[in-house]
Amino acid sequence: MGMSVSHRLTDIAAQLGGRVLGDGEVRVAQIATLENAQPHHISFLTNSKYRAQLAGTRAGAVILGEADAEATGLPRIISDNPYAYFAKVSALLNPLPEARPGIHPAAIVGAGAKIDATASIAATAVIGENATIGAHSVIGEGCCIGANVVIGSHARLYPHVVIYHGCVIGDNLIAHAGSVIGSDGFGIAMDEGRWINIPQIGRVVIGNDVEIGANTTIDRGALNDTVIEDGVKMDNQIQVAHNVRIGAHTAIAGCAGIAGSAVIGRYCLIGGGARILGHLQLADHVEIAAHTLVGKSIREAGAYAAIFPLAKQEDWRKNAVHLRHLDELSKRVKALERELETIKLETVERETLKGRES
Amino acid sequence: MGMSVSHRLTDIAAQLGGRVLGDGEVRVAQIATLENAQPHHISFLTNSKYRAQLAGTRAGAVILGEADAEATGLPRIISDNPYAYFAKVSALLNPLPEARPGIHPAAIVGAGAKIDATASIAATAVIGENATIGAHSVIGEGCCIGANVVIGSHARLYPHVVIYHGCVIGDNLIAHAGSVIGSDGFGIAMDEGRWINIPQIGRVVIGNDVEIGANTTIDRGALNDTVIEDGVKMDNQIQVAHNVRIGAHTAIAGCAGIAGSAVIGRYCLIGGGARILGHLQLADHVEIAAHTLVGKSIREAGAYAAIFPLAKQEDWRKNAVHLRHLDELSKRVKALERELETIKLETVERETLKGRES
Amino acid sequence: MGMSVSHRLTDIAAQLGGRVLGDGEVRVAQIATLENAQPHHISFLTNSKYRAQLAGTRAGAVILGEADAEATGLPRIISDNPYAYFAKVSALLNPLPEARPGIHPAAIVGAGAKIDATASIAATAVIGENATIGAHSVIGEGCCIGANVVIGSHARLYPHVVIYHGCVIGDNLIAHAGSVIGSDGFGIAMDEGRWINIPQIGRVVIGNDVEIGANTTIDRGALNDTVIEDGVKMDNQIQVAHNVRIGAHTAIAGCAGIAGSAVIGRYCLIGGGARILGHLQLADHVEIAAHTLVGKSIREAGAYAAIFPLAKQEDWRKNAVHLRHLDELSKRVKALERELETIKLETVERETLKGRES
């Protein structure tokens, strides 16, 4: 990342909060793990469990939680949330390169497009007719912004992002390379042996502070809109179908898929490769494990999973075959229980009889 | 979608068929759900189960099936297939914007390319040498059409579609942003501790009326071709490996993956995230549930599934652990059955003996 | 593939090794399957199991393993590894089209970029500032190479590959259309009800002889680098998260996903759609079945699987429901075993008693 400007601990704390212990005059220029840090690095411990790693670090300073405040003699900043503090320090030490404002001569801009003077439009980007690009937004190489799209301020679109016509996006969007916003939803109707397409006339509407990973796709709505609320964070290669609504501050890991008209709550965590079927609803604060199919609505916050346990292939084969007969196995157990009950009753009867006989 | 031209019900029925009941002079300009419709909207009911929703709608007119013909007094069109009728009305009210014929000055066209005069080639699109683009086809921004590719008439390629050299495509293709057609199949051979690549010299051959979703990939064949038959509809982020054949009018939902040389029948429905292993065959009219792995050929039409049922994480953990011992559990049940049989036999013997004794 | 130059069998063997049997003067111009081959084709048999197919082939020559050397009278080349030999013959007969060296006038090259005179930069490609492109490397249409990226020699980037700033790539890279290298890892920290981003300051570092499939994504590291070692082969739509390390000569099938900081060994085979959770370690020579979630580290070479067996939907439903009660079922079997044990003990006691009584 080239050379970073160094900062004194006291200056960092003045800007980001937290409490300095030890020599606040120490200067740090970059962030690193405890293991890799050098004297010009600041490092961090976010879990007391790894406290032992503090001993060997060569870091010039560390970020610690209150519980670990005295776990080292190194210059340090104490924070209630050392992980978030680490993120903020890293952002301070690694500011995004400034994009040059203005429209590259090899960009193509449609009639009526409104591009803020502070925005940056890269070479080979294409801005559609009547599109709006807000202040300080950066549109990367090869991006295609459709007609009438509205993008707020401080957006950062990496190369090759495609946004279809009419979509509306808030401030601070981050969209990584190859992501597609507003493609047609998958709407087809069978008509005399042939599929016919259902026009997708809704839009994608995205709030503020949303991040969209590389090659992620978000389809436009069929009649109403697909909606991504504020603060939603999406990893790479996620598929969001038409008319989905994703609640604010939900985070979705890579390769997850959300089928049409599903409604995901706020502050949910969706694991990698998870699938949410269409028209389902997930409550707020629902956590879905990786590679899990959600086939019914979830009304209650909490963690959910549906994963086949890993095994050596020969063990898997031996065990999995019985899944085809689990209903039968269950019935056989039921039958055994009944028979045993009968035997016990008969024994009791016999004993009683014997008791009478004797 | 801007302003639509309004249509009289009788004019719609004259064009699309169906039977008008009530005031046929009513004009509608757009389509909407029963819930959201306003008086200038036409709405639709495709399932009698939701008939109650008809009562509250503000729609100016509705599309209904025969069974619901008298379920409302609103102006209405009656159709045998109200869902397909809805699709057709929506297409009538929402015609695709006309693309301007001609080659944008910022497009790059290779030597010998044959581009129909009615076709439209957008800025930054690249057309390879000797490629053919049919009448009324639209090639979006940044599309790359390889050398010798043939694309029929009325294709609509959204931005950033890549078609590798030599692929052949019928009429009416719809290909969404970021889709890739004709990339090399994944063919490798181990040679003294290193993988060597097997040249992929087949093509992708696509019939008429095919739709390909955003960021979907279809690999070219290794020796023979990969074939997509007429009327196949594919959602986003689908992976089709080399030498696959997909039968006519099969529909595939997002994130599905089809491994090499699999042959899928006609009129199949493949659920989202489903996986079909290589060299398998699926009969016509097979339906695969979402997130299901198909690990053997399916010879018979019907619906198939393989999904782990969702549970709260703690319940999942408690139950899933037994899958590692299902074979043992099954054997224990078998042992119990044998022992119980023995006990019953002994009891019968004892009773018989007792009967004789007494 | 147009017309190929024909080669004599003896010339092929002189170049690639192997032993010619029969008429070595026979000329072949292309490779084909036994079923489709014509007299100007060379075909191949890689598995003795299919030896019967040799009888009907019209091929002019065939490639065979030692065990099948005498299974036909056709002109033939005998090899220890006929599958690898087939790959090499196909590469000989199907050389990649030569790209014209030089920079297309419609490419955009940033200040300070070092592009070898033998490299080829296609129209609409964008090369970032201070990037390095090695000898004989081909950068396809619309590719975006970020600032300070280093690409070795003989790379072949198909259209629309995006490589973010600072990534370092060895020789002989093949990257298919739409692949993304070096996008930000998915690093977020919760701070007072909002996610904040953790800057991703690592790079992607790729060895020699690596292949990356269409629309595959490889994220840059958070603090340290994401590393792909020599000879790794990746199919389409694979997701590799930040700080993953993939060992040399590992092959990964389409749609697989590898979560953050996972370390995959050398010579592993990862099946299509498989998922490896974060921070896990896989030993060398581990094979993961398709659609399998790996939720714990694997220390031992071998094949592993976790797949729900396919069934007709009604059978699946009937059986799968019991998975929610497997723990209970297991306990019921345990209870039955205990009760049966008790009954057997009682019977023994009774019999003993009876023995004493009589």
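All chains are identified by letter, namely A, B and C, in their written order; residue positions are counted from 1 within each chain.
FYI, contacts are C-beta pairs under 8 Å (C-beta built on N, C-alpha and C of every residue); 3 or more make two chains touch, one makes a residue touch a chain.
Not measured: the values here are computed from a predicted model.
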One copy, subunit B, sits on the other, subunit C, after a C-alpha rotation whose size in degrees, in steps of 5, is 120
Residue numbers at the subunit A-subunit C contact, same meaning over half shared and different meaning under half, come out as different
Rounded to the nearest Å, the gap between Cα centres of subunit A and subunit C is 25
The positions of subunit A in contact with two or more other chains are 124, 142, 160, 178, 215, 237, 255, 273, 307-309, 311, 320-321, 323, 325, 329, 333, 336, 340, 343
Contacts from subunit C onto subunit B in the complex sit at residues 1, 30-33, 36, 81, 83-84, 86-88, 90-91, 94, 106, 122-124, 140-142, 158-160, 174, 176-178, 209, 211, 213-215, 231, 233, 235-237, 249, 251, 253-255, 272-273, 290-291, 307-314, 316-317, 320-321, 323-327, 329-330, 333, 336-337, 340, 343-344, 347
Within their complex, subunit B touches subunit C through residues 108, 124, 126, 142, 144, 160, 162, 164, 166, 178, 180, 183-184, 186-191, 193-199, 201, 215, 217, 219, 223-224, 237, 239, 241, 255, 257, 259, 273, 275, 277, 287, 289, 292-296, 302-309, 311, 315, 318-323, 325, 329, 332-333, 336, 339-340, 343, 346
